[in-house]
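Can you keep this structure in mind? I'll have questions shortly.
The chains carry the letters A, B, C, D and E, assigned in the order they are written, with residues numbered from 1 in each.
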Amino acid sequence: MQSDASRLGFYLLLAPILLWLVVLIILPHIGLFVVSISEKIGPRDYETGFGNYAAFFTEPLYWRTFARTATMSILATALTLILGFPIAYHIAKLTRGRTKTTLFLMCMIPFWVSELVRTFGWMILLRETGVISNLLQSLGLVDGPVEMLYNDAAIMVGLVYTSILFMVVPLVTTLDSLDDSLIEAGYDLGGTSMAVMREIVIPHAMPGIVSGCIVVFMLSLGNYLTPILLGGKDSLWFTGMIYTQFITRFNWELGSAFGFLLLALSSLVVFAGLKLSRQSLTNTMGRS
Amino acid sequence: MSDPHPDLVCSDLTKDFDAFRAVNHVSFEVPQGSFFSILGPSGCGKTTLLRMIAGFQEPTSGDLRIKGKSMIGVPPNKRPVSMVFQHLALFPTMNIGDNVGFGLRQRGVGKSEIKTRVEQVLDRVGLPGVSERRIDQISGGQKQRVAIARCMVLEPDVLLLDEPLGALDLKLREHMKVELKSLQAAFNTTFVYITHDQSEALVMSDNIAVMNHGQFEQIGTPHEVYHAPSTAFVAGFVGDANRIDGKVAALNGTALTLTSDGGTEMKIDAQAKALSVGQRAQVYLRPEAIELVTSGDGVNVSGGVIDSVLFNGANSSVTVKDQSGSLLKVALPQTGAFATLRKGDKVFTRWDPRQARCYPVAGA
Amino acid sequence: MSDPHPDLVCSDLTKDFDAFRAVNHVSFEVPQGSFFSILGPSGCGKTTLLRMIAGFQEPTSGDLRIKGKSMIGVPPNKRPVSMVFQHLALFPTMNIGDNVGFGLRQRGVGKSEIKTRVEQVLDRVGLPGVSERRIDQISGGQKQRVAIARCMVLEPDVLLLDEPLGALDLKLREHMKVELKSLQAAFNTTFVYITHDQSEALVMSDNIAVMNHGQFEQIGTPHEVYHAPSTAFVAGFVGDANRIDGKVAALNGTALTLTSDGGTEMKIDAQAKALSVGQRAQVYLRPEAIELVTSGDGVNVSGGVIDSVLFNGANSSVTVKDQSGSLLKVALPQTGAFATLRKGDKVFTRWDPRQARCYPVAGA
Amino acid sequence: MIPTVPQPAFAKWCYRAYVTAFFIYLALPLTVVCVFAFNNSVFPSLPWEGFTLAWFFGTDAPFIGVFHERAIIRSIGTSAFVAAWVSGLAVAVGTCNAFLFVRHDFRGKALLYVLMLLPLIIPGVILGISILVFSSAIANTLEDATGLWFDGLRPGLILVILGQFSFITTFATLVISARLQKFDPSLEEAALNLGASKWGAIRQITLPFLLPAIVASAVVATLMSFENFNTTLMLVGSDSPLTITMFDKLKQGSTPVLNAVSLLLIMVSAALGILSLLFQSGKR
Amino acid sequence: DTLRLLTWGGYAPEEVIAMFEAETGHTVEVTTSNNEEMIAKLRATNGGGFDLAQPSQDRIASAQEEFGIYKPIDMTKVNADQFIPSMLVATATNTTYDGEIYGLPHVWGTSGLVVNTAMAGDVTDYTDLCDASVAGKVSYRLKRPTLIGFAYSMGLDPFAAYSDPDAYQGILDQVEAKLTECKPNVKTYWDGGDEIKNLLRSGEVVASMAWDTGGWQLNADNPDITFVAPEAGALGWIDTFVLPARGRADDAAYDWINFVMRPEIAAMITNTAGNFTAAVDGDAGVSADLKARYQGSFDQAAIDNIKWYPPVPAGLETLEGATLDRINAAN
């Protein structure tokens, strides 16, 4: 019963999404790839080749930073999951009505302020002359000032803080949809708290866990501000390298190659995560 | 009603939610191997009672014993009872075999033994060889049986069922009623079944407790509850009934005379508990207890016109409007007599004084 | 069945979905002001048929006339029919008055006139003064009436209803059956009602069409459909029935003799359409057509033992297992006789040869 | 683990303590940022020098308050402009997408859906650079060919808007699709049946039903646009939105003015967020 | 017209803008940035988006060669009398590409050491930052000035090797070894002026390589902290005016140039930015404090010892970048 009118309507609906995806997502990425395979051989003179990718693999700084960014992001994702799950569970299953809404709102607050502000707050807190250091000193817990900024732990604190919301929200949504009676049935059949968690709650929450992990991983991997502002002299982040290539080195070609590698990495990790957890992108991300 | 070793004994169980008393001093015993139903309207406290037995709610006061052992303070995973939830609560992330084997896994039973016992119990509920299927690959009635198998594989002393047929459609529900009863007989396990559907309770149970506002109004066999309701609530709730309000005009042993509010005189032969002359009373009269007759003589005979004919095959009925304008629902005989009645026809109704039940009106 | 100006005439309507034929050459007429039900099992094509009448689906072939005008090619918003949807489809973003007034607004009726007409129709369905309420502030039965009012305010020639009672609970459904019928009588509008619940169709309709696999098996009054089903499908689908398979042993005018597969001999007095000696046949026998008797003499009398007792008040029944092991469901008389029967008791069953229906087995 | 299952008191206590600690962790940096907006010192850090409102209303250097900082005021305007465009576009396209995915079946739908989700798994920086590189290439080609200038394709507000739009639309699509999925199509049929035209049915029935989701996604889009940094950084031209301005300031000399801006930002976005939630729950 | 100005923080104070707008009727929009970002932005916009930019003079010719993002200065529109002639000439020489002049001098200054004399009085040269006595309490940027400063301090002459990539690479290798060795001494590599000022002010860092102005600003707060011209010589830079290739308001840009080079305006800028300008008599109106601090840091010998950045040949930054990357990666 596809009449001509509804055909027309269909194409009218199809036009914006195609424009959006083709012009803003697909073509730019093709363009990025094209630039990444052009090598600069002199002022205003370029030729095609994989030299930029070769540069990435021959310079330890690049691939080490790359690997570091990946591992730290995975670590941050795992940490966020571990810290966020109990909170999501508390909100979804242990609170009702007004309390639930309030706690949920409180989880959202960090998201409502720009990342810059959040990071700025952590800097005020963590620095050697900052609030926590002073607090510890005045409590007599430490003798001198303690430096908590400029290290990987500070980056972790910031990354987890920045992305926890994106873990908690999908988790709350999926856990909310878990019928209490399933948990009760688990206990009724003799399960302990651990067993019920492992066999009933976690499998049910899997789509939420995966969706949360994907988003958190992407946010960490693509983060720029937190590692730059909170990290120390060894705390390099791959997005920082991309920025450096684009801005301070005027080397768009290498920067594009870096960008493409980061994209490949993120796709790979997301793909592996989906395969391992036997979920699909549509099923996890498409339902938030 | 009294058994040397009842599987389940509740004495004076009470549950308060803040100021609201959901279950109010309920006491009962369920003998081993019997099918016990708790029947009551929505919100009367059935689920609360069942959840106290399962351990998901602590009684405010009273005791609860299973096989003689008090269950107060025992967590749900340590009680020898299993529960079939209203929406079954099958684990959607597991296949059927894993669902049924869940309880055994928790007890640390070996893999291969779990497998055989799961197969056995699925066999007994008539579902051999479905272990590998996902739960969305079987029908509603089959899910029902899987839920029961999941509990029965643990050999509980008492199986609790919270309106498990509520979600099924009509035809399947009719079928599962019979099936549940025969499963219970086959396993010979004590079933405690709650429902608000009187026909489920009547068809399946050995004993029925009729519950209202947190209290038991009557405990008895289906026959007793249907034919000898001990309170007005039971008479009205179990089965279809015409209610006639009136006043006691005369009282003579078990022979009562009442005048209905419409002015009709009624003769009733019943245990006249707590009734005295002049008191307001309610008479309950089942549609099938009323006969349509052609002549206007005799006890409890009155004339009227057919107000509507509800043809429904074997369950057809008519409503008759008497002179005072009040309506009486009368079941048509299954023999097909009176099938030609039409709206507006004149008829006479008659009923036996022993078929009516009469209760004083509280506070009147 | 034939009327000079029927409101709705369908002739040879057919609808194919790809290779699947959902509605198969259906023809019928609905006279003005009558209540016409289409009764059939799930998936038989009822909704598809109704949606063709409403204009949401184009027939593959056949014609469809309302008040004599062909509706082929007319879009749904131009047809003089209104529809009550299965889940009512009340607009959640509007209050009740705006819901009911929606159709009038589309027609460009003036504000104040809409207001009065909405009030009027709400009055007629027994809901005066609810215009300002939101639709989640009224009960299920009231929503039903609002949905009807929303259609009736447009004074359609035909009102279509797609299982509107399906979502209601048992008690409310019983009540709404009677109410719908009286609303139809009050508006005197042609209703086309589809349902898979035979009791709804029997209670409300002037005429019932029984549908199966996209075809009409029988059109007739509730009485005809219940008491004189013209096909085996109708006999089995409408009302409860025992089915006995057997073979025609002898044939003599309307007097048939069959031998059941279990070996019992049955005498049947019926129109022996398309039956010949030696042919396989199905006999349908309603539980209420079978009597329990104490002695074993007479036509169609056979002995057996009670297999189970299903006590259900006025609708109690027993199943009797005969010598051959086949089960027969027998309704217990409403008088309460035989209430003392228990499983294993020996009984005799008897039935009148005129009460059974017999159909040849297709393809046998 | 749920209220109806009894748990040891100690476990319950630990759990509650953890939840409390977590929310303190959430609140801490924001509280600190807000508190130091009132510090009477040119540095947003300890020691506490006393309370002042100068960082909001001050006019004398170095105590120039937010309301007298031209750069900040101007970039707030820029941010608002960008956010308005982004959320308008994202909601419009998101609504179209929702109708497309929920109401239509066509070949390649699953693929298109996955493509639509892709922006969620592309790091923001890469979105930024890919659009930058691509549009520069286009502009260079066009300029070489025509000799005209195509400044719209160079870093600037247009690219910032397009860059943010390119991933925020996915969120809008998801939120609106979820709501449209819950819409009972028979409501639209009912409207047709009652005499409404096809477009009339969508306008009078479907769109009002979608309104909560549309409002919610507009608010989320606005917030995301306001706080976006990674994509914007690569695409910004001479008009910089608030986060970029703040980042520049932070690099060059953070004074409590930044805290003051942050405080205002927190208040406004929290108010927006709460409003949208209230609106949603009121409509549900 | 609207003048879109791409400049450093402090070079366009609010009061100056207000006066300029009142006088000329133009409006000014300021974007603050640094050398790399200025060039990166102009490259991305192909020389558009801004009407006037202020990169350092050594970064102009190579960028012009590579990207063609500037347009030549029309000297007829510039009031050349307002510029100190020697600086005007020097800048013109350094920013000539293909026979055209691209830059005018504006603000100049140096980078050297900012030291908390009470806690790290011994730090007098770049390499002293690697001394064990200040371990964990020093900071510098991981950028090219650091490489050059250390090279001088190690007795090398990097500027002389600018034209010889091989020689320059040799210098870079030595500096790389030194900086790698020095890495554990560093608290953090600073990035923005504010960051290093905060670190010094709070005492978290006691000695750092930094701009002279930073030291003088801190000195106002804490007399112990001040700018020290290193023994190997401070590094001198001149920030310029350049016209982006696609600026749309050249007239406004020239108006701005002529306006801010007036002595009294130049003094105002010096007072906020902390650095002196190339304006004739520009130091007349400068506050006495600032002059005193300047004199405290620079005696005549130190002034003579300032190493002025020559233009960076194209391609050299790639070598430096690789070196910086390796230092960054070292552990």
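Everything that follows uses one rule, which is that a residue touches a chain if its C-beta (ideal position, glycine included) is under 8 Å from a C-beta of that chain, and two chains touch if they have at least 3 such contacts.
Fair warning: this is a prediction, and the values are worked out from it, not measured in the lab.
In terms of the stated touch criterion, the partners common to subunit B and subunit C are D, listed by label. Mean C-alpha positions place subunit A and subunit D at a centre distance of 16 Å. Subunit A and subunit C have Cα centroids separated by 58 Å.
Each chain gets a centre from the mean of its Cα atoms; for subunit B and subunit D, those two points are 56 Å apart. Looking at subunit D, residues 4-5, 45, 250, 254 sit in touch with two or more other chains. Those residues of subunit E in touch with two or more other chains are numbered 191, 202.
Inter-chain contacts, as defined above, occur between A-B, A-D, A-E, B-C, B-D, C-D, D-E.
Per the touch definition, subunit B reaches subunit A in the complex via residues 54-56, 75-78, 81-83, 85-87, 89, 91-94, 102-103, 105-107, 150-151, 154. Put simply, subunit D touches subunit C in their complex at residues 184, 186-187, 189-197, 200, 204-205, 208-209, 211.
For subunit E in complex with subunit D, the touching residues are 4, 6, 9, 14, 17, 29-33, 41, 44-46, 48-50, 191-195, 197-198, 201-202, 246. Against subunit C, the residues of subunit B that register as touching in their complex are 170, 177-178, 182, 197-199, 202-203, 222-223, 226-227, 238-240, 286-288, 308, 310-315, 331, 333-336, 339. Here subunit A touches subunit E in the complex through residues 43-44, 59-62, 64-65, 127-129, 145, 147, 150, 228, 232-234, 236, 246-251, going by the rule given at the top.
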